[in-house]
Every structure is written in structure tokens, then in C-alpha cells.
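In what follows, subunit A forms one complex with subunit B and a second complex with subunit C.
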Partner chain A sequence: MTATMVSVQQRLGARRILGLSPLTWVLVVVGLVLVPLVRVLTSSTPLTATTTFTAAILSTAPIALAALGGVWAERAGVVNIGLEGQMLLGTWGAAYFNWYYGPWVGLLGGVLLGVVGGLLHAIATITFGVDQIVSGVAVNIIAAGAVDFLSKAFFSQITPNGGPRNLSGLYSLPTVNVGGLDTWLSKLNGRHWFLVSDVAGLVGSLISHVSVVSLLVIALAVLSWWLLRRTTFGLRLRSCGENPAAAESLGVNVYRYKYVAVLVSGGFAGLGGAFLTTVASSTFTVGQTQGRGYIGLAAMIFGNWNPFGALGASALFGYADALRLRSASSLHALLLLLAIGLLLLTVWRLLRRQLRSAAVNGVIGVAFLLWFLLTDSIPKDLGGMTPYLVTLLVLSLASQNLRMPAADGKPYRKGSAG
Partner chain B sequence: MVTSETALAPLVELRDIGKRFPGVVANHDVNVTIRPGTVHALVGENGAGKSTLMKILYGVQRPDDGTVLVDGTEHAFKSPSDAIAVGIGMVFQHFMLADNLTVLENCVLGAERIHGIAGKARAAFVDLGQRFGFDLDPDALVEDLGVAARQRLEIVKVLYRGAQVIILDEPTAVLVPQEVDQLFTNLRDLRASGHSLLFISHKLDEVLAIADDITVMRRGTTVGEAKPGSVTKRQLAELMVGSELPSPETAESTVQTRMMLSLAGVSLVVGERSVLDGIDLTIHKGEVLGIAGVEGNGQTELVEVIMGMTKPTSGAIVLGDVDVTAMSTRGRREAGIGYIPEDRQRHGLLLDAPLWENRILGHQTQPPNARGPWIDRRGARRDTERIVEQYDVRTPSIDTNARALSGGNQQKLIVGREMSGDPVLLMASHPTRGVDVGAQAAIWDHIRDARKAGLAVLLISADLDELIGLSDTIEVILRGRLVGTFDPTTVTPAELGTAMTGGHD
Partner chain C sequence: MRTVSKIVAMGLIASVALTACGTKHDNTKASGTSDVCTGFKSGTSVKLAIAFDVGGRGDHSFNDAAYVGAEKAVKDLGASCIDAQATQGESDPQRADRLKQLAEQGATAIVGVGFLYSNAVNTIAPQYPKVHFLVVDGFDPDKTVNKNVAYDSFQPQESSFLVGVAAALKTKAKKVGFIGAVPGAVIGPFQAGFTAGVHTVDPSIKVDAQYIVQSGDKGFADPTDAKTIAQTMLDNGDDVIFHAAGLSGSGLFEAVAAAGAGKWAIGVDSDQYTAVPKNQAAHILTSALKRVDTGVYDFAASVKAGSPQTSYVTYDLKNNGVGVAYSGGFIDSYKSRIDGYAKQIEDGTIKVPTDPSKVK
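Now for the complex of A and B:
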């Protein structure tokens, strides 16, 4: 077992760029060409419309924030299932502080409440050595109850915007718009030229009326990568997730780094919650996260515990989700996209003589191709879950060789060194 | 007290150290004095308190009594960083390395303040490697390193922090003879450059070869000091155990003609790698076949294939005259294969179950443990009493949890259990690893007795003396292949070591 892993690492490890494997990079490039191609073939313009990408950014950001939070905690060896709960706390915190103190304080309020959720998880798992899954589930349950209670207690009296389960009319945050370029790009996008218009759509969504918080998410991913990979602090933090006994024997205060990691993790999740209430909408409702914390966790795993990987996997979720929201009909085009992608992956695996996974990919790819060719649309009942299904499938087939931190999920007691 | 003395002043002094854990006195009245620029050996059996003492000196644990003096100044280390700050470094027996980090990252971890973690640190690392002859690639992942390279990295780590005193906890336990020589060369270079080394071991030959001073520990306290020139191995051993050195040697051959186990062309391919490659071997009744090899060359897989835990890719396994290739592990055990696993805590025992339940493990379908589909509690308990008695398992009762026993006693229980099933073949992986001298002798005796009674044994061990002493034949395994057969009456450890590493000096 370990022997094969070593050889795989040796083959792939040397050429990792930004911590991502060559296969990931190939997929990114192929995706850039494939999506426009399918758009042309199926003449399903919403696939690369600026509006789709704009919606995708809004869908991606909260998932990405949860995923980044997950990366932080798990790199230090703490599994944080509580992301969902910390995100929930963030939605309430953002709403409360936004209502009374304005949008920026609201954002911080979301982060603060997320950190509180993280603190709960940290105390239980790090100080008291509680099983991390048990604690995480507890955090989720406590957070759900707390948000329910807090919104009843604080938002019921606010009229007319408030209610026991919601608060609307929150202040919004500024957006960035690179003047002139946006109209030009959207015109270009409307021409439907192969690749050019598609790229224009993507770029347009990133510079026209994009929330500063969305851009902040990208900055945070870069910052996380730099901190974890390139600084002393990050090395120490990662060492706690790989071999805490070794770290302690070298004078690293394992508990402190784990605490920092889990608090940051909670903060990211809280910011994700704040995004939902104040950027993606201007309304708080109870249970607003709808499982995005868990999706973030999945994105983190498929992103191989790497900030950029997590961001990429989240973007895939977000894109599929946006398609569902913007244009149910283009979901059908997604089937062709998926089929071509899987068949290409089959070829890649065949070239590397990974026969079994090539066969699996090939069969599923052909199945999707047939599905695309034999039908005209996706049944309505399936529409809602298709994006998740598709993304999960793509990610689980494409991301193999995942490597989680060696001591992830294991409680560590001080003095275990030696 | 000791303020300004000459170079002869002790570098490190441990005075009247005492350390108690709940129910155990690990150290009491321990006195050790280390002179600068010397190799100081600390010898003693397992459980004599050496490791606790080292952890105290390295700040992992705090002493209950006594004082630690470095350069004449008293120190109370709160954590390893305090010890590192005054120039004490430690190489643990179980390496303290993170597999998924690079060599350089492992080295600079915790010592980032010296040269950062990037270019300057790399230069310092490379320079250190060249100066002391450690050949390490800073960008390799630690999981790709062999045991000897990991140990070199551990030593470089300590040097990188500017340590003057380096503690080495049983550094040779994991090395083959050639690697030990290489290590000793490194250690002598370090001594020549003014470092002091504290060398912990229970291998007396090695201690006599490298040490300048020797301190002996027994039952938690220091019982004597010696110089290598004026003491013999036997005297040291007697100090250590209070009795004579046991020896693994067997008397006359008891090999019979009947074939007990034969493997024909057994291969195992994992992924794309050939882990076992065309293994042919035969063990007769009354024969001990020793397998020598550097860890990770297929020994574990060989045992798992014979036990039926892994299915071989090709080849046949015949036990007696039954082809067991397709048989389950359960079936094979019932056909008479006893198994002493290499990692007793992971594979041999339920640590949090009482001894009598552990007695049932692996024999849960056979008397005296079972009657029909039911467990025979009384029978199992009675038989556990017998094992405890016969195999000298030191335990307060058979209701004690296995975890509470020392390693040697756990191992004796496993040996007793496996011998009780009347096996025709015993698979013994490292049967005396981590076991103290007394228990080791007892286990050797049991294997010898069983062999006389006609048991076939497959013995895998990293202890070459044990292999040479107990085996009737020795096969060397290298990268999944049997590469040489040796006669234990004529072979030397050095010859085996050469074959094990596939090289010639």
C-alpha cells in the first residue's frame, strides 16, 4: 500500500505547481477549451454567459470560504465537520451587526460568530481530546439551535423587516466595476465567437459589478496558500497535522497552532455565512446555509487539502449550481460536457496504463453521451440535484491520489513526544 | 556551586534524578556525568528507566526530584525548546519526522529563527551535510527515505540547532551492520569536532566499540560506571541484569525429512510493484528457517501471504501435504499455523481486553476456548492461568488488561498462546523485538523446545545474532526476492549484512 503511494508521489510530486498535480492543470486547460466547444455544439449560450458566471461567483464564494476553513483546520490535524454550524452562526452574526452597525462591521460580526463556533470546537477537541467528528456534529446542532433562538430573541421585534426567522433589508457591500470595459466585454460575450466570447464572459463577470467580498475570497485563497506553504508559521501549523509528536519534540506549541488553525477555520466559515446574508442576498433567514458547509468540506477533500484546489473544486460546484439557477435547459448541455470530459479522462488513464479506472471512466462517459443523445432535456425532478451529482462525479473520478494530512482527525495529547 | 572550572568540568550532570508515574517509580537516585567531547554510553535492559531519564534531560518530562546541570548551571527544562536552547538535542528511537514534509522542512521545523525556511536555511543545511558527511537531498520527501537516511536527517536536525550534547536513543536498533559502521564513523567525526554524545543501547558490543564512558542502569537507577578498556562484556551484562548473558544458540540439528511448509513461485504484485518475486522455500519438521533482510524488503508481505491475510498474485503454498493457497486465514490457523506478529500491539493483542480474552483470540473456535458455538469462559480462563504460569507472564491477574503489561510480558503471552494451539508451523516475526534480556531468553527456550518436538518455524528477525543462533538455515530477502542461502554455523553478521543490502564493501 504505502509502497505504491510512494511511487505515485515520486512520479507526480516533482512536477506539482502551486501544490496541484499535473492532471489537475490538464483538466483546467481542457475545461477552458471544452466548455466553449460544447457551447457552440449545443448552441446553449447560457453555458458561458456573463450572467451565468456572475451567478457562479455568488454560489462559489460561500462554499470556497467553508472549504478554505476546512483546509486550515485539517492542515493542523483537526477535522472540522462543524463548518456548517460555524457558517450558520456567521449568517446570524452578519445580520445582527449589519443591521445595527453597517455592512463592514456586519462582515466582521459574521467572522466573529464563526470564530466563536470554532472556539467551541477547539476547546472540545484540542483541550479535552473529544472525538473530532462527535464535537463537529455537536457544534452543528448547537449552532442550529442557537441561531434559531438568537433570531427569535433579537429579530422578532424589528418591524417591518424582521421576524422570528428572518431579517431583510440589510445594507449591502460595495461592488467593483471597471468602467467601460464591462459594457464592451458583455457586447463581446453576446457575439458568441468561439473561445473569445466565452473568455469575455468569464472576465466580464470578474470585473463588472463584482462584490469586493468575492474578490476578497480569491485574495484569501492566495493568502492562505502563501501562509501555509511559504512561512514559518505555516510550516509549524502543517507539522501539527502531519506529526504532532515530532513537532512538539522540536519545541512547536502544538496546542497553540491547532487553536489558531481552528479559530481561523471558524472565521472563514463565519465569513461564508456573512456572504450568504449580505452579498448573495440582503436577507437573513434561519438555516440559510443549506448544507454549504458540508459541500465546502467535500470541495476541500477534492481540492486535496490545498487552498487553490479547494477554490477550484468550489468553483466547479458553484458553476454547476449557477447553471441550474440561470437556465435549467443548459443543464442538458452539461451532459455532453461531462461525457466529453470523461472520455478524455479515459484516454489519459489509458495512456498511463491505469486500466481499471480507465474502464470505469469510459463506461460512465459513454453512458452520459447516450443520455445526452437520446434525450432533449433533463427531467425536472432531477434538475435540482444534477449539479451536485455531476460535480461529485467529476471530482471523484478526476481526483485520485488524494493525500490528507497524516495526523488528520487524531486527537493529540501534550507530552506524547518520545 | 561549580562556577569557574577548567575544560575538565562536566558538560552535563544529572544529580539524584527521580521520576514517578502513577504506580511506577521510573527513576530514582540517578546520577550521570557527561564530559565534553566524549561518547557516553547509557546501558540497561528494557524498562530500566533509560528512556525516561533521556526525556527528562531533553525536557519532555520534568523530574520529581534532583537537578540537571549544564555547564555547571542548574536548569529546569519546561519543554524541549528549553533544552535545545542550552545546546541539548535528541534523536528519538522512533523517528520524529513528518513523512509528507520535505527533508529541509523537517530540518528547519521549530528552528526557523536561525536561518528562516528558504534559501539561507538550505545553504546552512547543505553545508552541515558536507561538513559531517551526511548525504541528504533537501527536497526529497521524508517518506521516500530509507531508515538510515532518516536517522542521518535526525542527527542533522539536532546539529542544525547548534546542539553540543546529542542524545541518541538506541540508534542502532534499526540499522544493518554496514549502516551501524557508517553511523559510528559519523559519531566519531562529531566527537572529534567537540560534540558530546549520549548513546543509549543494550547492545554491549556496540557500546564497547564506541563509548568513552559507560553508565549502567538497572530498575530505574544507576548501578555502576565503567570504562570500555577495563571492563568485559560479561561484566557489563552482569551489572545490567544481575545475571549471565543469555545466548540464542541451539544445540544439535533436529531437522527431520518431512516437509512442513513449501512455497513454490509465490509472487505478489501491489500496484505496479513486485513486492514478492518468485519465492521458493521449504521448511521441514523440526527446522528453523531464518529470513534476514532490511525491513521493508517483503518480509511482512511474505508472512501475510503465508497467513492468508494477503492473496498472492501467483504461486502455491503447501502446508504438510495440503494445498492451502486458497484457504482462509481462519482455515490455515486451524490447520496448525501459529503466528507471532511483528507488531504485537497492532496485530497480536486487544490492549484494552483482559488477558484471558486475549488468550481466546485466534483460537476462538477451538478447545479449550470454545464448546460448540459458545465461548468456554471457564476453559479459557483456566488455560490462561496455565500460560501465565508456564511462560512466566508477570501479571497481577488474568483479568488485567493487556495494555498494563510490559512489552516482554505481552510477548510471552502471545508466544504462550500460539504454542498452546499445538501448531505444526510457527510464523515468528521479530519474536523478541523490544523484549528485555530475561524474557528474550525465555522466548528462545520455548522456540528451541518446540523445534525439538518437531515444530517447523519461519523466523523473521532484524537481530542477526538471534537469526544466526536459532536458525538451521538462513535465507536473505532483498526487494522481494530470496537472494542467498547461508549456513548459520559459518556465516558472520557482516556477510549477512552485505547480502541484505545487495552490495559488497
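Now for the complex of A and C:
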């Protein structure tokens, strides 16, 4: 088993930096130059304004937490469709504990309820070998019902802030202003210098008046990557997702690792829910996640089951979403960005003699360029879905070498190693 | 199984630890009203059933206004009451099912809160000819007249016009904002009236209007997105922002309260000054009242009196169906001017537009 794993790692891991392929890194760097370029060309300043990035961070964090949760579970070979439900439970847990015990306990409460959702999924899929998709869907349905019931039972009596489906006026968590550079950076951002102002906007959003929980998300991504990639514990956990029979034959307690992974997964999703109720707003409402768990699942796949990939893909979703809310007119500039990106990708594919994908990229790229040149704005009715369209397109074209864990989604029974 | 029991034990310990520490919310007292919609009692004059809209009770806005009406009907008319909550993204058959269940439980008067119930009521009402229905903001979707259905037709553009006047008098930046849940026949009049009111006072004031979603019901229960939009408007320099988005409004109030003194929000439907936390109330300039409570109460009273409302019932400034809230005293000094405009609307001198695309 070690021999296979080593060869797999040599094939896939050697060229990768932080688990991301060279193409992904090229895209990241090109993106850093392209976005400012498009900003200058179309003079739509919101593209890289500090405030846009700040909103993007708020949009990104819940998706990223769900995606990280997905990485944990699927790395151990358990598909966790239940992320959405665990996140929902997290919104309620955060609201309840926040209301009665303060913001920090609220955060923990969100995690706790998420873990409970994860436990449900773990018992069904690991102990009883239930089909993972079926169990995940069940978790989502149970969670939706449970949150409905719990909020009716616990929040109805709270006046005037509560109601059977809502609770507003929750405590908020502190923000930090690292180094006190906020005014200086936002001034720099306001100058609209090529690249400099844009980077200032990004950095400014990351260090000035940023919620501690947002920073925690980045820390958790790093921690997840380190745990999964650089420790014995992580190696064993991943072996359960690649070849559980082999892992068990070498003395790894597969069930235990899968349990840990799924519980951590639920906890991450629950924290994502807590973020929605206590950081992104201070209001709980039933059904607050609105599909963010599923988007997280998609981000995890596009992120190639890697914590940093998942974070990056979530950031792309979050950025596009923030742009939709903050400046619908800038979405039009996004078309040009997309067109240039796709045409550059075409060149890259041509150089590598991947003619078919070059043709596909080229055609779509030209189509977007024409769309940009021939119109002045995106129709309002389309505006709502443009971010998702753009993100999906970018990600599906950029990430064509995805590899899921080999035993992902397959129920494993103890003793299969024979 | 040892692992499982260990994990369960850990979970239990964690929950005990969580409940052991921390401070209580300073606002936890379940003071005041307890739920009145707890079930039908035999012998009560009207058996009132309220089917709430997305956002639901506790939105401090549209749905809570309906609940206040039910409360009053229980107290003053001796009615008894049950309620049911809607979830997001429902289809008409799901809403029809809810109404059917309420009818089967013995309701004599059923209120569908929100225009989304129009189609559902249209299917269910003929099946229960002895039950009386009311759809708030509703409309009859076909040509067959439903004899047992009433539609409350509010004129929110009139109250929106007046809060627009207040906003125009209050703004220092000469920039105001409007956040709507979803474009269309229900929220459009709010925007149209507000814009017209602002421009009547000062045509140079810029009105920045944005909708949370372009279709569907999500916009009524999305405080997160509303907060981001409000933040954008504040960053752009708007200093008075009016919302017509139900529960989502709480996101606006959070953003405005965080932005500090001199920034104002205008509430909608209920008097929102009285319903939000203290730090936010200090920023609620006024509210465009839409007396859904009056609508619900009048309907219950008409059922009790034996002459139930049918067809369209209009609620406007003239019969106090819509209005302006003065709680907090932030616009007391403008009262005479607002009353002046109100009079002109009532006697028809000012015709308030309902279509935002036709307002300059």
C-alpha cells in the first residue's frame, strides 16, 4: 500500500506547491495583474475597492468553512452532502448560545450543533454503512425540520427580538485593526494607481476592521492543510479515504479516523452557520444558509479536495457574490476579465498542444469578449446569477485535473482487509 | 462502539460546559405578550387562522403587523386563533395545503399574509364555501369571482411618499437609499412613492435604489445581503435609507447603527422603532406604516358581525390604513409639512405614482 501511495504522491504531489497545480498558481498570479488591468480599462473602481474585498470576505467565510468541512470528510472517504444541514444546525446553535451566553460561547454552540449533525451522518454511514448520499440528504432534511422546531420552541417567547422563525439583536464579535494602517491603506486604494492601489485594497480588507472569525477561517485552512498533509495523523486519515482496507491491514483504526473526520467536518460547517448569524449579520432566521453548504461542496471539488484550493475557490465565489451586491454595474467589467482570462488560457493550452480544450476555451472567450463589447450592462434579471455563472465557468475550465480520494463515497465495513 | 460512546460523552461534557459559563443576554425577559394563537376554543365568536408569509412572525415588520391584528381580535372580539408558518421557496400547492389544514382544523376566518397566497386561496376557497378568506396584498388571479374571499389592497405608495418627504428634509448629504426585497407590483409602489416624495421636496436629491433579489421570495428573509447592500449605500454617502424588505430590514438597521450618528434608517409596515434593540432604535427615523393589523382586525370583526368582507378592500391615508410613525421624535419638527402633503394626497391634489420606472 505504501508503494502505491508513494507513487501516487510522486505523480501528483511533486509538482504541486501547497497542493495546488502549477496551472492554478499561474492563474492566481495572472489574476493579480489582470483584475487591476481590467479595473483601469473599464474604470470600474469597485472591482478592487477595499469595501468590495471586505464584503467578499464576509461572503467567502461561510462557504470556505463548509468547503473545509467537506475536505475533511471526503479525505477520509465519507461524502458529506449533509454540510448544508449541519450548517443550518450551526445557525440555530449559534443564535441560542449567543443569546444566552454571549458571542464566544455562541460560536462554540454553532460548532457543537454542527458536530451533532456530523455525528448523525457518521453513525449512519460509518457504523451502519448507509449509503452516504442518502444519509447526507436525510441529514439535510432532518436539520431543516429540527431548526424549524427548535426556533419555534425556544425563540417564540423572546420579545421583542424573537419570533418562531427569527431572533435579532445577537451579540457581535470583535474586529481587529492590525497595525492601524486602515486610513493609510484606504487612501492608497482611493488613488487608483495600477496594481499598487489594488493590492492596497486587498491588504486593507484583510487587516483593517476585519472580524476575528474571518481571520480564524484562514488559520483553520492552514491548520487543516498542515494536519492533513504534514502529520502522521493526517496521512492515516487520508489513507482511510484512499484505500481503507490497506490502512486497516496496517493497523489503522479506520472507523475512528472516519468518525473524527466527519465530526470535524460537521464542526466546520456549524462554524460556517455561526458565522452567518453572528458575523455576517446579527440576526438568526430559519433557512439562513440558502444553499451555501452546497456551494461549499462545489468549492471543495474545484479546490481538488485540498484546503487551500477550497479556500481559493470559495474566495472566487465570495468575490463574485460581493460584486453582485455592492456594484451590479461592475459585473459588466467581469465579462472582460473573463474574456481575457479565457483567451490567455487558450494560449496556454495551445502551447501545450491541447487543441480540443484550446478550441473550447477560445470560442467561449471570444463569446464573452463580444458580449462585453456589444453591451453596456448586464440585464438586471441576469445579474443575480452572473457571479455563479462566472465562477463555475472559471473553475470548470481551470481545474481539469481533479482527483478525488480513491475510496471516496464507498461504504467501508470493518474487516474488509481479510 | 467505544469510540462512539466516547464521542457522545465528550459532546455531553461540552454542552454542560457551554451552559455553565457566560453571561445572560440583558434582554432575555420573556416580558409582555405570550402567544395568543394557541388553538381554537369552542364557543368563540371567530375562529381565526393566520398563515404567515416568508420571514414569519418576529420579523418586526409585515408579519408581526398581521399578528398584532390577530392579538387585538382575540382581546376585543373574543376570537381564538391558530397560526402556521411559511418556508422559503414554497410552491402554490404547498401553500394551498397549509390553508386546507387550517380549514380542516375548524377555522371560520383564514388570513393569508402576503400576495403569494393569492393563487392558493383561489384554489381552496371554493372547496370551503362556509369559511371566509382574506389575502393581504392579494389579488384574484382569474375571472371567477370568489364570494368568500376578501383582498386587502393597501396604498403603501402614499405612506412611502410621506417618509420620502421626511427623508428629504433630514438628509444632509442630499443622497438617500431604498432597499427593496424584490421588484414587482408589491414592492414597486414603495420605491415609486418614496422617490416621488423625496423629489417633491428637493429634485436634486439622489435616490439610490437596489433590490436584494430579482425574483422569488428570498429577499424578504435575507438580513445578510441587506446588510451588505446597506453598507454599500452608506459607503457611497447615503445618509437616510428606506427599506421595504420585511425581515431583511434588520440587516439595514445593523449597518446603520454601526455607521454611527447622522445615519438613518426608515422602517416599514410596523412601527419598527419600538421593535428593535435600543442602539438601533436611535437610528430609526420613522416607519412607513402599513396597517396590516387593522386589515386583519377589520376582517375578523366583519366575520363576527355576520357580514364578512369580500372583494377588494382599500386601505389608504384617508382611512388610516397607511401612515407615518413618529416614535422617537426624530421627525416631529417636520410634522406640519408631512401633514400638509398628506392632505394633498387625500384630496387628490397629489397623485402618487405606483410604478417606479415612471418616476423621475
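By definition in this document, the second predicted complex is superposed on the first by the 402 of 418 C-alpha atoms of A that agree within 3 Å, B and C clash if a C-alpha of one lies under 4 Å from a C-alpha of the other, contacts with A are read in each partner's own complex, and residues count from 1 in each chain.
FYI, contacts are C-beta pairs under 8 Å (C-beta built on N, C-alpha and C of every residue); 3 or more make two chains touch, one makes a residue touch a chain.
Predicted model only: the values in this text are computed from it and were never measured.
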item	value
Which superposed partner A:99 touches (first subunit B, second subunit C, both, neither)	second
Partner chain in contact with A:252 - subunit B first, subunit C second, else both or neither	first
Between subunit B and subunit C, more extensive residue contact with subunit A	C
Subunit B versus subunit C as contact partner of A:166, first or second or both or neither	second
First, second, both or neither for A:186, with subunit B first and subunit C second	neither
Touched partner set for A:357, first subunit B, second subunit C, both or neither	neither
Set intersection of subunit A contacts, subunit C complex versus subunit B complex	none
Residue ranges of subunit C in contact with subunit A within the complex	1, 3-4, 7-8, 11, 14-15, 18-19, 21-25, 27-28, 30-35, 55-60, 64, 85, 87-88, 183, 210, 213-215, 218, 221-225, 227-229, 231-232, 235, 247, 250-251, 254, 274-277, 280
Subunit A-facing residues of subunit B, complex	51, 54-55, 58, 60-61, 79-81, 84, 90, 92, 94-101, 105-106, 108-112, 116-118, 141, 143-144, 157, 169, 270-273, 275
Residues of subunit A touching subunit B in the complex	1-7, 9-10, 13, 230-232, 235-236, 238-239, 242-243, 245-252, 403, 405-406, 415, 417-418
Subunit A - residues contacting subunit C, complex	51, 55, 58-59, 97, 99-102, 104-105, 108-109, 112, 115-116, 119, 123, 127, 148, 152, 155-169, 171, 253, 255-256, 259, 263, 276, 280-283, 285-288, 290, 322, 325-328, 380-381, 383-384
